[in-house]
């Protein structure tokens, strides 16, 4: 093992090299382990044309003159390599065993040397990352060295290995990244602190209710009571994960949420887009919108009951209303947030007003729209619960309220926890949908993380 | 990047399209009743294919002029013609934006939600005159020519800012524009990246000669790239001095150390400094 | 803003358009609500709503009624009580989590597990736990604003420009100085934003809690408040008063947010660029 100080130097030099920037930490460590450092005096030759191509070089400090051989057909032959630059890539090319350039240091220079064969071997163990690095190598060779594509294409790929696992390149990269993130997370103190937090919370609940029986707490259902009821095959109060009743309540709440949420999205997003896009339309409609907005959605409960007969429609109406305001407002803000130069650029490039709307306004507002949908799903649950508690039959809010009236207290807590879990899952689904539709943003942020 | 470098590269003789004629243009902004004159009787003639550098301190009204040519806003009086055709004038205060005059924006305006290739293909796709295959083939080959192969399927956010500027220029050139309007595109770049960008821009220019209207406040950039410098006075904006850059094209970075370059720098510097001081003091008073 | 400027704004094209839309809306409402009376055919949904003229007549009667103003008072009291508690507990908690990694690690996950549970789902549990109805409403109200405030304070404090801290350190500031003079003011804008959002939620929760516990199926109990006013108007069949209640809550909510905005403006004078 290299000594730690040295190791961190190697790592930072590796990270500054473009092809390696996306490599996750554990693999980076393995690459660092096969690196050696070497220093050259000013004017010293590093390798000559036609020499055996064994190692890839990264300039850690100093500068190197790189002269390509005349028969590479490059449009430029001379290049100065500075820190972070990579050369000697003949070592990773397939069917290339000799140097295609001559290199000499210009000043006192420190370089990292990585054996090409070993590097490729390492990547075979992680084809997803390997493919990214090699693609970057190909780009670098073609672009920075002005070498024809035919040479860059000799960079080995790991596509076969990828195809064998029947997954697409980008997905594998995300998976590799996820695995990497989980492993670093486990190495940090965070999961253990989290467990301490949960343990503290649960033990406080248990001690205060079941063991010490503190004055006000004694009426509350304790964790043991709640969990035995929840997971019991023959629940005392008739509600557990084994009773169909439980899933019926969840199903009905979900159905109401889905209906209201999709209706609100279907109406709110177009309305918000037009509000943001057309100044005239906004001037007419927005003040009306602003008059309604300060009225809390839940103040609509009685009016909703009067306007819509039955017990189902008022609940859905309330849920819809909350979602609708959040979605419309955020979509409008999203359109307003779009940098003017994007629509100007589109018009310059000959886009009509409608084309600009489709290609600039809609995608440009997307991040805000999804922020709005996140809020929307949250407030939808918020008002659904209130609606179900006041009127309505079935649903998780109804469970909580009837359990209170029938003095079946553990059911209250079961209802609450279930609400939390289901609510969390739905909002995670909205987030995932957003990530899926906004790949450009995900990839940008992923780069920012590193 | 395998353009044949010959002595003819600097010549404008073979360029026929893209002459801009700005006559007596005045632009007055009137936001809250307090009229602010941004451009004052400004007249500039730019021959087809010239790289014309508009130099002036920040906020002097250069961008107003650019926006008027591009058609982003109107002018108060005067006229602007492109190849003898009226863009905007007394009876038509605002030009129609069009793909014959494409702006390369200060902070870049590649659509972050489209891949680089889709960005490059955007203009022709909107025009809808060619088939999708033809457009994408052309886009790929133009990207390859500009040294951008390998970045087609990346999003702009994934590549370096230098490469982004290059993609943006290629996106503009895809439409065979007559004029490229540059609004200080390299302002945010560090000086090393900038120098690379300048050489790349010239290489692209030698291959596709279009008129370039380039706004900057960086004198070195202006002299290195331009056939001509038009130094603007600040607030209101109006040409103050014209410097002919007689260093022959094609140029590369060795030009920067040539004695002639130094001379031109010195010639321009005094004028620019004087205007910058005026602009700064005006800003102080307003602030 | 000068007087002429203000009147310019009031009579600007934009304002006229907005007023026009609102007037059209009220007219449609009136016609729709009286459709049965006027056309012998009741329009769907809107035909069941009391017409605006009746609402205003009923409002006129209520203005002289002290119990109506008592409802205002009760709701305001609950909103500000719950909100103040959320600020007093939420701000230090958010700051603690931002400054101290261990407390963040311990508290934040549990916090995130509890957060998706809608505040109103706590109502029954809260009634069981707290000795008086008033306290249980206060608790649920507190909960509504609490999550938002903590999240905003935490986010604000975590996104402080590191260079501010380094600059302060290089000038020899102590830990306490840094906290008091950098972290706290730099977090203030997020506190203001969080409070504004929290205030909106607080009104939602108070109205609902008043309806559920005060006037809901559980019946009886500590009454009062605008939420209860709406609910009892519904139960009592005076539908005009429901709408008076809704508008009143809207106005009350708007006043509270405006107060908060003004206060926020006073606390963060450096954010005013003009």
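Think of it as A, B and C in the order they're written, each chain with its own count starting at 1.
To be clear about the criterion, contacts are C-beta pairs under 8 Å (C-beta built on N, C-alpha and C of every residue); 3 or more make two chains touch, one makes a residue touch a chain.
What you see is a predicted model, and the numbers here were worked out from it, not measured in a lab.
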Inset, instruction - Find the chain most remote from subunit C, comparing centres computed as mean CA coordinates. - result: B
Legend entry - Chain pair showing more contacts of the two, A-B and A-C: A-C
Inset, instruction - Return the distance between the CA-based centres of subunit B and subunit C, expressed in whole Å. - result: 51
Legend entry - Mean-CA-position distance for subunit B and subunit A (Å): 37
Inset, instruction - Return the distance between the CA-based centres of subunit A and subunit C, expressed in whole Å. - result: 32
Inset, instruction - Pull out every residue in subunit B that's touching 2 or more other chains. - result: none
Legend entry - Multi-chain contact sites of subunit A, meaning residues that touch two or more partners: none
Legend entry - Set of subunit C residues in contact with two or more other chains: none
Inset, instruction - Spell out the residues on subunit A that touch subunit C in their complex, using ranges where they run on. - result: 189-190, 192-194, 196-198, 200-201, 216-217, 219-220, 280, 283-288, 291-292, 294-303, 305-308, 381-382, 384-386, 389-390, 396-397, 400-401, 403-405, 409, 412-413, 415-417, 419-421, 423-424, 427
Legend entry - Contact set on subunit B toward subunit A in their complex: 1-2, 70-72, 97-99, 101-103, 105-107, 109, 111-115, 122-123, 126-127, 144, 147-151, 154-158, 171-172, 175
Legend entry - Partner subunit A, residues of subunit C touching it in the complex: 13-14, 17-22, 25, 45-46, 48-49, 102, 104-110, 113-125, 127-131, 200, 203-204, 207-208, 211-212, 216-218, 226-227, 230-231, 233-234, 239, 242-243, 245-247, 249-251, 253-254, 257
Legend entry - For the subunit A and subunit B complex, residues of the former touching the latter: 75-76, 135, 138-139, 142-143, 146, 149, 152, 339, 341-342, 344-352, 355, 359-360, 363-364, 366, 438-441, 443-444, 447
